Amino acid sequence: MSMFAVATAGIIAAMTLALVRAFAGPSLYDRVLAGNSFGTKTVILIGLMGFLTGRPDFLDIALLYALINFAATIAILRFFSYRQSSKTRAKPMSEGEA
Amino acid sequence: MSAFEVELTPIVFLDLSLLTMLILVAFAMLRSRHLFAVVMLSGIYSLLSAAFFVSLDAVDVAFTEAAVGAGVSTVLMLAGMLLTARREKPKTPGRAPVALAVVFVTGAALAYATIDMPAFGDPDAPANSYVGQQYVDETPNDIAVPNIVTAVLASYRGFDTMGETMVIFTAGVAVMLLLGLGSARGGREVSDAEPEDGEAK
Amino acid sequence: MIDWDLIRDLLSWALFLTGGFSVVAGAIGLVRFPDFFTRLHAAGVTDTAGAELIILGMMIQAPNWIVVVKLAFIAAFLFLTSPVATHAIAHAAWMVGFKPMQGPDLRYEGDGK
Amino acid sequence: MGRFIILVLALGALWLLLSGYFDKPLLLGFGAASVLFAALMARRAGIVDNDSVPTGLFPGIFGYWLWLTFEIGKSNIGVIRHALAVEPKLSPKLFYVPCQPKTSVGKATFANSITLTPGTVSVDLGEEGILVHALTEDFADVGAIKEMGDYVARIEGSEA
């Protein structure tokens, strides 16, 4: 039982728990949070995987994942705020008409 | 050809748990009627499958999966959500025996086909026994690119991946046009609608 | 004569154990805590203590300097981006009108008695 | 122009450290070309300013990071205790903290430091300061958070 296996087991357990939160919700933002947290765990998992197989050369991918996970979270939230602002802009107009 | 000898290393446990999580996420996506939840779960699905690709040594596929699956397609699906409702219409429980039968027959055929496959990493497998070793040996001398996958794709297979190269070339040209690199002045001057913003910056 | 390999192993065992423990504890908090804003704090534990400790443990075990450098970049990148992502989620929820639970009896504001 | 040179040097160092090639002319040439391309694009987009190349923060930021690491460690223990407690006694609280740093980089550093220490998350930046959500009353320690802001204000330098 190597130390990397122990850490990997911890990450897998935490991933399962994050999945529970992503399934349960209840709100949209809970799911985004769970997804972001899941991404961080994936980054560490890929790093650990390299050490488990004795070839820690795949860290470039972990680095790329860290970048993409961040960019994707920001993109999703930008999208929500865009949707929200278009909604609030539409609202007073329809009220004014009514 | 080779008997299945399953050695329970940590990597096997890792693969098993990744696959289990993939199945769980897939079922949750099928069950959920909340479309935003489905989009977020599909992002998680991409992350999981990318991790699984890394475990299978398919690093280049994992790269693509991470960029396209977890990044671009999530945003595209969200953009698609703008055009539709937030919840899926409840539908009558599945009555599609033909579809189910097709899925089962295809799945069984695929599972049957894996029996003939050589074991993972078998030195006598077709993939390892013909010219593969030669490429591995010669690439560092032929081309000064350290990544053999890149060298094979861009150089040795330059002709049969011509279509692929064309796509990349087209994408590059499109990016250059968007950035305005073609014009001598470096793009048109674009002024902001509100002058206050421009001054504040 | 000091056995450097043993010290290295012991050190990274300690880092992996504490790091793995923090990751799991953060995930437990992510599931257990009552509302969205409190869950943010639990996710923060995973992102800071958990991730950085495990990466530090890997750095100690790295076979050559380039692996150390890459791990250092991952650590620095998580250190710089995780608060931005957490804040972005919190701010987005706040702007939409999510109100956090407040006070020791976990009541929403304006919820009445 | 000074900032541009610093950006090129930083990107070049990043490329060298991540690739690990020091003796292959072809690859080094590609690396130099990509570094220059990225830097020129950043310049053309007009984002080579104090926000993206915060030269004012150095070198004081290293001491601050060291100090922050200990703060993060302390508050992590607190949050983990609540996460694993049989009956967690949470008392979430929203409150404003005055924001001492004046530059945009300083404000961002301060707000991110608040978020980075578990137990407190910065939610919004308004006229009254930074709106902070804390997990319990203990974490809602305005004095300690203000201390952090003072530290950032000391090292932030000027906007120029």
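All chains are identified by letter, namely A, B, C and D, in their written order; residue positions are counted from 1 within each chain.
As a convention for this text, a residue touches a chain if its C-beta (ideal position, glycine included) is under 8 Å from a C-beta of that chain, and two chains touch if they have at least 3 such contacts.
For clarity, every value in this text was computed on a predicted model and none was experimentally measured.
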Key: Chain pair with more C-beta contacts, A-B versus B-D   = A-B
Task = Between chain B and chain C, tell me the centre distance in angstrom, where each centre is the average of that chain's C-alpha atoms.
result = 28
Inquiry  = How many angstrom lie between the centres of chain B and chain D, each centre taken as the mean Cα position?
reply    = 32
Key: Gap in Å, rounded to a whole number, between the CA centres of chain B and chain A   = 17
Request  = Averaged over CA atoms, how far is the centre of chain A from the centre of chain D? Could you give it in whole Å?
outcome  = 20
Task = Please list all residues of chain A that touch 2 or more other chains.
result = 4, 9, 15, 32, 34, 60, 63
Ask   = Where in chain B do residues touch two or more other chains at once?
value = none
Query = Hey, what residues on chain C touch two or more of the other chains?
reply = 21, 26, 28, 40, 70, 73, 82, 84, 86
Message = Taking the touch definition from the header, please name the shape of the chain graph: line, ring, star, complete or other.
response = ring
Ask   = Hey, which chains are touching each other here?
value = A-B, A-C, B-D, C-D
Remark   = chain C residues touching chain A in their complex are 9, 12-13, 16-17, 19-21, 23-24, 26-28, 30-31, 36, 39-40, 43, 46-47, 50-51, 54-55, 57-58, 61-63, 67, 70-71, 73-74, 77-78, 81-82, 84-86, 88-89, 92-93, 95-96, 98
Key: Touch list for chain D against partner chain C, complex   = 14, 17-18, 20, 72-73, 76, 79-80, 82-84, 88-94, 111-113, 115-124, 131, 133, 135, 137
Key: Partner chain A, residues of chain B touching it in the complex   = 10-11, 13-14, 17, 21, 24-25, 28, 34, 36-37, 40-41, 43-44, 47-48, 50-51, 54-55, 59, 62-63, 66-67, 70-71, 74-75, 78-79, 82
Task = Can you check the complex and tell me which residues of chain D touch chain B?
result = 21, 24, 26-27, 41, 44, 46
Complex interface listing, chain A residues touching chain B = 2, 4-5, 8-9, 12, 15-16, 19, 22-23, 25, 28, 31-32, 34-35, 38-39, 42, 45-46, 49, 52-53, 58, 61, 64-65, 68-69, 71-72, 75-76, 79, 83
